[in-house]
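Shared chain: chain A. Partners: chain B in the first complex, chain C in the second.
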Partner chain A sequence: MPEVFIDGKRYEYDEEKDEMLLQFILDQGLEVPFFCYHPSMSIPANCRQCMVKVGTPVKDRETGEFELDEDGERKIRWFPKFQTSCSTRLQDGMVVLTQESSEEVARAQKDNLEFILINHPLDCPICDQAGECPLQIQTYKYGPEGSRFEVKKVHKPKHVDLGPRVTLDAERCINCTRCVRFTEEISETHQLTIVDRGDSNYPTTGPGETFDDPYSLNTVDICPVGALTSTDFRFKARVWEMNQTPSIDITNGKGCNIDLWTRDNEVLRITPRQNKEVNDYWMPDEGRKAYERFNENRVDRPYIKLDGDNQSNTSWNNAIETFAEVLESNNPGDITIIGSPHASVEENYVFNKFFNLLGTSNAKFTPHVIPGSGDGFLITDDQAPNTNGCRVIKLDETDEQSIKATVSAAKVVIILSDDLIGRDILSSSDLNDPYTISFATNNTETTKASDLVIPITCIAEHAASYVNVDGRIQRSYPAKETKYTNRRLNLEMSEGRLDRFGTNFDNWVSEENKVDCLPIWDFLNKLGDRLGLDFKYDHSREIFAELSNSLDILSDVSYERMDEEKGVQLPIKQEEVKA
Partner chain B sequence: MADLSFTQEELDEIERLKDKFPTAKAATLRVLWLAQNKYGHVKEEIQSLVAEALDVPKSHVHGVARFYTQYYKEEKGKFVLDVCTCLSCQLCGGYDILDHLEEELGIEAGETTEDGMFTIQEVECLGACGYAPMLQVTNGVYVNNLTKEKVDTLLENLKNGNMPEFESMAMPELEKRNQAASK
Partner chain C sequence: MAQDWKSFEPLLIPDIPNLERIDVYEENGGYDALKKILKDQDKWSRKSVVEEVKQANIRGRGGAGFNAGLKWSFMPDPDGGPRYLACNGDESEPGTFKDRKIFEFNPHLFIEGALIASYAMTVDTIYVYIRGEYISWVDMFQKAVDDAYEKGYLGENILGTDISIDLEITYGAGAYICGEETAMLESLEGKRGYPRTKPPFPAQNGLWGRPTTINNIETLANVPLVINNGADWYGDIGSEEHPGPVLYGISGHVNKPGVYEYPTGVPVLDLINDVAGGIRGGKDLKAIIPGGSSTPPLRADQLDGVTMNSDSLKDVGSMMGTAGMVVMDEDTDMVDVLWRIAHFYHHESCGQCTPCREGTGWLEKVLKKIKDGEGEMKDLDLLLDVGNQMEGRTICALADAAVWPVRHTINRFRDEFEARCKKSVHAIA
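Let's look at the complex of A and B:
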């Protein structure tokens, strides 16, 4: 095995991987500061922050032996100047001194930071990036204590709307070119470039162009300073006020791994979570907008249709009683149940199981695919996060016409969170005759036309799994409390500073953002009690365990395994996926 | 400037330039230059034209054009006088020359005369410290060892459409060395 010595410690490396020094150092859990390097993009080495001292051992040309000094140590020929570790390829026997063991290197990094900071505005107190800013963190760790620069800083455009979603503060930019490389190499729209020169340069779009890249907000994530900011999230919250909860993007079939950032049970932003198998470091802008549907326009308390089209809030007890009466007064053969590719595996499973116990036929579902809307990268034709999940638990896949036909033949229609009217599969007149019950997270055309609406938790409020277009099963965590959950009691929920130290008397704590809804299994437990069914699930974990025991395809899958391996690839054939 | 386009000859020339480089991107500088010679500037619409002709991203052409001060991103006078005020010229009276020019033409540095004849720009070192103070006419000829009289003559000549001749400057030190070597 070839070897490399970092700060006097020996490491072995794999020559096949052809790794750069900086990446190798980071992989060992060590640290060298850097700004422009990004593991998924090309290496320009232009921030000069990752400088280290590098040398190679001197070999006797004839014998091939290492030359030794008086102490019997290998003689090292140091490179004449410090090297940027991001662009230095590992060599056998290489000796590296980082800032940890070399004062010279620490000094070089400090001086480089002083240069970078010359024209940086240092407006951290009002900057969105503060708290998660590589420049801020590394200045604290490795930077100079103050600036010796006494003249006026260079002024640049302070508020540039680069595109509909990204706002630039050019003064904060350190010209690492990560955003430019992103548009060149990852999204390939080539929309950004660096303009002007010397200390007045900054990134902008080409003439007459706007930064409307469908992946534009990724540049905000990779910006190592607060130069590129999300127009939507700008000045909304400080990073340290929010909780970060891992989740899955539900706006399309790819199932990008994401983090939900919440404060006071309101999802404020969504950022991608790295998963090499699915989305790497990226996600489409569309997925980030999903925070709106977690917070706004939610079904809050059950709704019941009174006379005509007037809906009114009702109590849970009344909802359960009405539901039970409808089920009791109808023949199971007249009840149609429709599952949803927009709901999780667990929801679809308990939904189907509950009504099957009453004697209904298997739940149907129809995939939500818009051909041509995908781009072959992270945006898929499939608009739903769990189409494959419905197939895994063997719901009946039907096309749009037959759904319409079954609905018109039924006396009772029960729909699991799928906006069939909004999707133009049904029209509201189709739901006039049958008694329609919707389990829904958000108010839609379909809930408006329903006779009874049961509010259920959305992906931000429950732990549940979803199978993406490639057959990978991944799961969410509860990020947002409902009226009936509590962060402190649910160990799966993250607790931020404001949650831990807040009380009901603090002005940053409110009840408003907690939605009055239940996980579907909780509601079905209650309904089962009323109907005298043997049906009880305390947690989605229990449901998944049952699924895992009964289905071969899920036999070795568990929440623990999904957590550890960032999702599990199921053996699903690709042609089945496309459908 | 209603209709912006390259003529067939210009397009042929662009093809020729493209063939000289391994990638079309590499020909950006030359094609921008061609465009500036034609239009007198490379405003954003010209940059787009160049990008289309080369089939490279607009943003790339924009970045290149914005990087080099020699590309004019706005309309300039017929003659652009780049007066050096960097260290050597400054010490030898570069600012006196600049002030004199400003007074003569009635404009400030960075501005263009109303008749569209002259633009004055204050620039950094043009690498002619040996014959300071100096200025450059429209990215071309250097006028060296300036005096106020020389500036007046230059302006007079330019107004009559006479560009100054290229002046081969002797380098005294080098000559001394050459003489010593030949002895």
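Let's look at the complex of A and C:
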């Protein structure tokens, strides 16, 4: 194996990976400061922050043997200048000194940070990036203590709306060109470029152009300073006030890995979470907007129609009683149940199983696909996160016409989390005759037309799994509390600074943010009790374990494995299922 | 070198009327070198042309002074794909204005040199990059290129051989950085003129990722002289380690500023007094900048016996650069001069990499402060320190070029800078 020596320690490397020194250093868990380098984009070596001292061993030209000095150590020929480790290719025998072992290198990195900071506004107290800012972090670690810059800073445009979603503060920009490279190499819209030159340059769009790239907000994530900020999220919350919970994007079928950022049980923003197999470091802007649906327009407490078309809130007891009476007074053959590609594997499974126990036929579902709306990258034609999950648990896949036909023939229709009216599959008159019960997270056209609406938890409130268009099963974690959960008692929920050190009497705490809803299995437990069914699941983990035991395709899949491997690829492809 | 530099007959821009016309050029032995090579390709194989030029030791006239033939030999073997020669006529270094004389008075000599270089390196396309401010020279040179195409020196099947070479003229938009060789390649590709990180070097990965050699205009104009007369003859002109004729661009406080062609190795003081007619108004000499604004300035008392060739200038702590000499008389304010130079580099830094983008501005602002009488003694050390933080840590050499004049002007004229700081409003402490 070829070898390199970093700060006196020997490391072996794989020649075939053709790696650069900086990436190799990072892979070893070591650190060298950097700003412009990004593992998924080209290497411009323009920030000059990752400078290290590099040497190669001297070889005898004739024998090819290493030349040794008097002490028997290899003679090293040092490069006359510091090398940017991001752009230095590994070489067998290479000797590297980083800031850890070389004062010279530490000084050079400090010098460079001094340069970066002289025209930076240093407005961290009012900057959204503070707390997650590579410039701030690395300045504290490697930067100078003060500044010798006593002349006037350069002024550049501030709060520029580059597009509908991204705001630029050019003074904070350190010209790493990550955003420009993103639009050139990843989203390929070429909407950003650097204008002007020298210390007055900054990134912007062409004259008259707007930065409306469907992936534009990724530039905010990769911006190593607060130059590009999300227009929507700006000034809403400090990073350290929020909890960060891993989850899955539910706005389309790709299942981008994301983080939900919550404060006081409100989801405030969504950012991508790296997963090489799915979305790398990126996600579409559309998926970030989904945070609103976790907070707003939620079904809060059960609704019931008592007089004509007017719905009113009712108690859980009344909802269960009414539900039970409807089931008891109807022949199972007259009850149609409709599952949903918008709901998780576990929800669909218990939903189907519960009513099957009563004797209904298998749940139907209809995929939510808009042909041509995908882009071949991270936006798919499939509008739902779990179409393949419905297939895995063998719900009846039907087209839109037959759903309509079944509904019109039924006396009771039970719908799981799917806005069939909003999707133009049913019209509200189709639901006039049958007694309609909806399990729903949000108010929709369909819940409005329903006779009974049972509020259930959304992806931000429960742990559940979803199978994406490529057949990869991935799961979510609860990020916000409901009326019936408690962050401190739920081991899967993360606790932020405010959760840990605040009290319920702090003025930022609002009980209103907790939705009065239940995971569907909890509700079905209660309904099962009332009906005398043998049906009980305490946690979605139990549901998944049961699925794993009964379905070959999931036999070696578990929550633990999904956690460890960031999801598990199942042996299915959407194309194969279709064919 | 020979003492008879005064009797030297110009070779690059000889005193022949209308030499820019192709018929006049041909009458005076023009394109003979090219014909000689193409007619006898067995004797003048591509390799032997490279060898001859390497032997002649034409040191690059763009400032770096690298052996042109050696540079040519870095090109990899042809693989059938396109290969390029990019000719750098961007000359934007303050004090430098020599290449435009070639475009104006002897363009065919350069075209012939570029053709020989293209033959030697199996290049099929020549790009000539001319600075945007030279728009009239672009037109003049375009005429020469059109004539050369018409006469069959350029284009398909040159002089009846199976060799085809095209030449295209491009011009910049006024950015100094586009004279940096890899920034010029980016600009030629139609991109923002940002220098590239090296390696890979242009010979491996140049224009559109293909092998490319970059030469200065004056450098290539020397090539036909070598082919016509031989490497030995060329090596005898001027000083030994840095031979050949040079276009000296003399500007500043002299009576007769202009471009003068003499061999390398002419004594600096002779150039000022004999060639350029001495200092304006009979004043004393204070300093010179020998080869463009980035080369370290020299005090008058450093110039005894110094000649214009790389070794002699190196001995006194400067460089030959582009041989664009700026002469300054006793009344010159060195603080002002240095501020003006720093202003230039601040304005021209492309902003791609940190030390140069931020450092050039810092240097200028501190110098402005000193110039305006608000400097402090600690500012002088700060300037030197900032310079040390910039040098050798950037992608291209612009930062180095910005730092050298600052460092050496302060070191060589420190008393002047100190006097200014001591008189300043902050000097009480």
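Just so we're on the same page, the second predicted complex is superposed on the first by the 573 of 579 C-alpha atoms of A that agree within 3 Å, B and C clash if a C-alpha of one lies under 4 Å from a C-alpha of the other, contacts with A are read in each partner's own complex, and residues count from 1 in each chain.
By definition in this document, a contact is a pair of C-beta atoms (placed from the backbone, for glycine too) under 8 Å apart; a residue touches a chain by one contact, two chains touch by 3 or more.
Model, not experiment: these values are computed from the prediction.
S.K.: After the overlay on chain A, what do you see for chain B versus chain C, clash or fit?
M.R.: clash
S.K.: Under the stated touch criterion, which partner chain does A:I194 make contact with: chain B (first), chain C (second), both, or neither?
M.R.: both
S.K.: Touching A:E209 in the superposition: chain B (first), chain C (second), both, neither?
M.R.: A:E209 contacts chain B only, not chain C.
S.K.: With the two structures laid over each other on chain A, which partner does A:S494 touch: chain B (first), chain C (second), both, or neither?
M.R.: It touches nothing on chain B or chain C.
S.K.: Which partner chains sit in contact with A:N46 here, chain B, chain C, both or neither? Use first/second/both/neither.
M.R.: After superposition on chain A, A:N46 lies in contact with chain C alone.
S.K.: Please work out whether A:S87 is in contact with chain B alone, chain C alone, both, or neither, and reply first, second, both or neither.
M.R.: second
S.K.: Per the contact definition in the header, classify A:E114: touching chain B only (first), chain C only (second), both, or neither.
M.R.: second
S.K.: In the superposed arrangement, does chain B or chain C reach more residues of chain A?
M.R.: C
S.K.: Of the partners chain B and chain C, which touch A:N356 in the superposed model: first, second, both, neither?
M.R.: After superposition on chain A, A:N356 lies in contact with neither partner.
S.K.: With the touch criterion stated at the top, can you tell me which chain A residues are shared between the chain B interface and the chain C interface?
M.R.: 193-194, 196-197
S.K.: For chain B, which residues count as touching chain A in their complex?
M.R.: 44-45, 47-48, 51, 57-63, 66-67
S.K.: Inside the complex, what are the residues of chain A that reach chain C?
M.R.: Touching chain C from chain A are residues 43-49, 51, 80-82, 84, 87, 108, 111-112, 114-116, 118-119, 148-149, 151-152, 154, 174-175, 193-194, 196-201.
S.K.: What residues of chain C sit close enough to touch chain A in their complex?
M.R.: Residues of chain C touching chain A: 175, 177, 192, 197, 346-355, 357-362, 365-366, 368-369, 382, 389, 392-395.
S.K.: In their complex, what parts of chain A are in touch with chain B?
M.R.: 183, 190-197, 204-209
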